[in-house]
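The following pair of complexes shares a single chain, chain A, combined with chain B in the former and chain C in the latter.
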Partner chain A sequence: MKRILLAALLASSSTLAYAEGEPLKIGFMATLEGPFTVLGEDGQRGFELALREADYEVAGRPIEVIVGPTDASPESALRAARKLVEQDEVDIVIGPLSGSEGIAMRDYSKTVPQVTFINGISGAQETTLVDPSETFYRYNMDGAQWTIGLGDYVFNEKGWEVVATIAEDYSFGYTNFMGFALEFCRAGGDIVERQWVPLGTKDFSSIIAALPEDVDALYLGLGGADAVNFLNQYLQAGGDANLIGGTIMVDGTVLSSEGRAKEVLIGTPSSGPQADTWDDPNWQGFVTAYQEAWPPEQRFPSPSLLATGYYNSTNAMLAAMEAVDGDLSDGQAGFRAALASLELDAPNGMISLDGNRQAIGSNFVTEVVQMDDGTLATQLVNKIDGVEQTLGLTSEQFAELGLPSRDVVDCTAWQGR
Partner chain B sequence: MADVSEAAAPLGRFDLTRIPAHIWVIVVLLLLVPTFTSGFVQFQIFGWAFILGMISLSLMILAGYGGMVSLVQMTAAAAAGYAVAIFGASAVAEISFAWPWPVAVILAIAISVLVCVISGALAIRTEGIYTIMITLAIGSAFFYFTRQNYTVFNGFTGFNGVQPPQVFGVTWNDPTPFYYLTLACAALSYFFAVYLARTPFGLALQGVRDNPRRMAAMGYNVNAHRLAAYAVAGVISGVAGVLLVWSTGQISPNTAAIGPIIDILVITVIGGINRPIGPFVGALIYVVLRTYSLDVLTALGLDGERFKLLIGMAFLLIVYFSPDGMCGIWDRYITRLWRDPKREGADG
Partner chain C sequence: MADAQSSSSTAGPLATAKSRWWAAGGVAALVVLWLIFAVWPDWLVAILGRKKVFVNALLNGVTLGALYFLVASGFTLIFGLMRNVNLAHGSLYLFGAYLGYEVSRITGSWLLAFPIAFLAMAALGTLLQIFVFRRLDGQDLQQTLITIGISVVLADIMLWIWGGSFYQILAPDWLSGPVETFIPSSVSRRTGELIYIKYPAVRLFILVCAVIIGVGMWYILNRSKLGMLIRAGVDDREMLAASGVRIQLIFVSIFAFGAGLAGVAGVVGGTFQSIAPGEDTRFLLSSLVVVIVGGMGSIPGAALGAILIGCAEQFGSVYAPTYSVVLTFVIMVAVLAFRPQGLLGRA
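Our next item is the complex of A and B:
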């Protein structure tokens, strides 16, 4: 009897589900446990900042948030998403944070067409390139797009022609390296040695001992605790080579770490979706809002790209929601159309989506500088607009390049093309 | 006193009339779960709990019957999961053979047995903490190896798009079919473990646990019994591994990382390491805590970030108040219930 009553209640409420004032349920996913916890927490700050600015309300509908913590493994992302969608019955999921999680979400989103997924900041290329999902939208560029401009800059401006690389042995490591290597090799550079280290490496001594002497620079594609560990040991070993940083190597999470090791990074060119000290008023406004929203000990000196990514995704959701006046009753079709055609005026430049619902945006080549207060930050060197997922290649060239892996890019094959 | 022994040892005699009422209630409730729960609860709570319970059960057989605390059971299950992805079909077409599913499943279980037997062969000559260390070392070696090997295990990303087969026109990873599939496998493993304790082999194994020297003197081959126990445990963890990869559709090194390896031990300990039902009770508690602790904290108006603390504290409390886990708490409750004034004289 209770069941029948409940069913009747559900049936009657579903007709009213999208009425004015009905709460909008948002599922939030980020790495709130495991190795990327610090990154996940900054992602959450970005997400909350956008909602605070909207007063937790969109088109007259109050916003209800349900958090799904993950640990960067695809399995944990899947379990968190299943709970959000099947148990809490959210309308929209914002997340995940990490590359392999994104691929798992692409596959999962195909099985639950009633829910729209907006990527948090995960950057694996396959997520929107191979067999993309109709209901998965990504307003951040992938790991390869984040390196556009860097290869050119170090070859042409810095005059570094021969490099060796050390990067993390997983999908984001490959993707991030691939974009750099492609441009660097096409400009005429040569990569003489590639070292791949497992995620979570603590002891880099054997790798540092094996570093070649006769190269112009070292490319470092490490992140989080690995990056800090490497820099510490590199400093102790008396390393003084020119460095080139991957996107998460010079992120706020590393630049705000304790100790002197990070100072090795001063002057290091890098690239990514933002430059900390960019003087654009929109960007500066975002930085100030972030700094004012939390006391200094509860945040980074300046928002990391994770905070920016989640902030943009959440704002995209809010904007599309406003566009359809909070109405999702058409199976979210109108909302999705609004998402697809959205031109997001984000703090880090204009963002629009391509046919695979993948971001086309601006990329920033930066150098690490020391600020007056002693903290480190990234300073803008060059900004490239309209960076597409195909990295400026024709579709045949892009197919020839192959999916990111240890051996992509084959440097000799692309030299001078 | 006769009543007590009847209630405490109800199963395995194949006499339905001797099964006490509360067991019947549990059986009927388990069969009816899909009528009053959502797909999420069936799939993500019960399905996951049954799978973790089976993996923990394989540890319970080794630890409870054989006195060998093996941390290699999660690894064996993950090896089976990898075998399903490699021999069967997955989204990583360059590696997967896409053989028919019965072949993949049989190979998967065989590989799980192999992993257990090889680990067992290395570990059976040791005792206590040394067994734990050796099996943990094998588990972490497997974790790091799968993460760095790309030709067979596809490295960090592992395999995705592993779908259960369509048999009898049923999509087996739909919540209700999957619930019954895991329930059936879990029930079979459970009754097998109950039965095993009373077989000559099971009795000899418990003898080996209690006094290996005396058993050896009586002519039992101690090491062979221990090794055979590993093989038996490998079958159960293998089946669980197949179900695990079907439930999540993917497998990656994280499935058998150090965290999940320790989780299996925690589940077995909080459930009760001496009885086959213990692992399933422990798994259900673990899954419910994992899934809902964050919601509980936020509902109480507390900071959700500390949800792992709640899980840890719950485990600590259970183990503190009952060193033999939830089964021990249940036993004491039953004993107290039976010690009413009328029986006091007869029992005392």
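Our next item is the complex of A and C:
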């Protein structure tokens, strides 16, 4: 209800400025319902921050926002996108947030060539790799790119050689796991057990009891409420193994949850497109802008990767729109060319697009630390620039690897390569 | 078995069938007890995996069942007595959980969260009964639609107040972490001593509470005057009302009690799982499944159904993770196909 009011407010305030130029209609999609609600809300903050900085205006055109809430399922994303495109007739869609939604949007975008899609933060590999859509642009790296550096770090620096894994049974879970497993296995590590749990699992206690005891560490590829539930029950069961976090396991959404379960995560190595305490001035500027835009109780201590992702996508849209002077009359051809050649100086490093309109960017290996004020944050361990979707493999090797699924990577086949 | 044969000679075929069921049940109980308390031989470990995993899944299934029972027993009691399908029952669960969180955060007392969640939800249940169900007595469709509407409104109000974040109710220190149980897990290779299974204390505590509540409800229903009135009301409302009982008072108190139980369950769920938007529909769905399996209106049925569904989820998550979601619905479909009134329901 609040959101509808907000959207109505935005819509009405931008019609006031109608005289200056025809309004640009932006459809915004994020998971504002279901298990990833809190992630979607932070994505929305990133989106709004970029628009606030632009004063809801680009190249003289006022920006009108229409919100399309989803619940992380591909059907809900499709429903929201259809509504935005067919009923509200938006020019550009920014979103979605979750992996399987992104794949649904790739397919849907092919049926509506008059609209340009800029991915929010969804990270499934297939979205831009397999049969990509000409009108779908992604300025965030995929889930596998987000793990570059992690496998190496835990094997060589931490000395953890045998791990068991628990991860969520959907496209992002596979992609995020695959990147870690590839590097870890190539370094010489071994993965002895893989547990795939359905998205939305609430009671992990039996899975926790079934964890093997003779491993060096556990890889956790969970997110949102599932991650919090796992940690809570893991603490109650007295678990004390070394943990390795998937990208959304140690995200701000989990690190800022209520309760002490998250403290299990202190010291956990992880990786992703940002490190909360990175001292880069551009990043610190973004963090400060985020913190000043909302009072503390309405935001996370610092922006989550979802806020950063949506912020970057929205800024990419604004930059390309400036480049064509707000002109979409050529069927958005000029706008799309500008998007494709854009070099985005994002808070989390330089981002450019490859031939599939997929981001090439920087990845951060981090560890969870406790800040002076008691909150948890990720601290930079290592930053790797120019990470491509092919993960540094030759195209033959990359084809051999296969698409993300439960059984990829075959660890023994890749050991020591 | 000797008993079964002797009774068959005197009491005819019906008794034979019944005593066979008892015998089969007894054997099954013995097998389960042996599985729990014996140290497993190697061939069994080869089939079922480590004993620790099995026993944990069983205990988790039963404790999860205890949580489901707390939610579903109120639901089934209300349905059994008043034929009201309260589809806002899940919202009462979630609302109770949020309130419990606030109480335990402000006062620092976990135990205090229970009575407050109970009383607050009981009050809300009373309002629901007086202003919604009493006005729509006998109009099933209207009741269903209005309670769906109420649950949507409540869900949005809760999202508005507490946002989409995840909350946990902190268990007190004396209940955090695991305790050692008396169930042996395996024999230590080094010392030859028995290694005992460790289990989260808070879940054991909750299990004990659920058993006390369940037994208490059974006792009140079957041994007290109030229970007699309730059972009479379940069987024939009109006749009970005609005999001078203030039936509306019984209705409202049962509704309040059922709603209060949902609130208590919310605190329990918030302690060993988490509180987040969407939990309301999840628990509404699970209590629907539980009462369909156990039999609408039956308290022992709710207990049996809750344990079955809890165990199915937990064993499923360990032994067949991909299909664990399907398993509960397979049980429901099987029950509907072969015993549509539910396992302990009356036709």
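Everything below uses one rule, namely that the second predicted complex is superposed on the first by the 397 of 417 C-alpha atoms of A that agree within 3 Å, B and C clash if a C-alpha of one lies under 4 Å from a C-alpha of the other, contacts with A are read in each partner's own complex, and residues count from 1 in each chain.
Heads up, the rule we're going with is that a residue touches a chain if its C-beta (ideal position, glycine included) is under 8 Å from a C-beta of that chain, and two chains touch if they have at least 3 such contacts.
Keep in mind the model is a prediction, meaning the values are calculated, not measured.
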item	value
Chain C versus chain B on the shared chain A, clash or fit after superposition	clash
Contacts of A:207 with chain B and chain C, given as first, second, both or neither	second
Chain A: partner with more touched residues, chain B or chain C	C
Contacts of A:33 with chain B and chain C, given as first, second, both or neither	both
Touching partner for A:169 - first (chain B), second (chain C), both, neither	both
First (chain B), second (chain C), both or neither touched by A:233	second
Which of chain B and chain C A:223 touches, first, second, both or neither	neither
Contacts of A:198 with chain B and chain C, given as first, second, both or neither	both
Which superposed partner A:96 touches (first chain B, second chain C, both, neither)	neither
First (chain B), second (chain C), both or neither touched by A:301	neither
Intersection of the chain A residues that touch chain B with those that touch chain C	32-33, 41, 169, 198
Of all residues in chain A, those that touch chain C in their complex	1-2, 32-35, 37-38, 40-41, 169, 195-198, 201-207, 209-210, 224-225, 228-229, 232-233, 235-238, 256-261
Partner chain A, residues of chain B touching it in the complex	36, 38-41, 43-44, 48, 91, 144, 147-148, 150, 155-158, 160-161, 248-250, 252, 254-255, 257, 259, 291, 294-295, 298, 304-305, 307-308
Interface residues, chain C side, partner chain A - complex	49-50, 52-53, 56-57, 60-61, 63-64, 101, 105, 156, 159-160, 163-171, 176-178, 198-203, 272-274, 276-278, 282, 313-315, 317-318, 321-322, 324-325
Chain B-touching residues of chain A, taken from the complex the two chains share	3, 32-33, 41, 66-67, 69, 71-76, 78-79, 82-83, 86-87, 100, 103-104, 107, 169-171, 198-199, 405-406
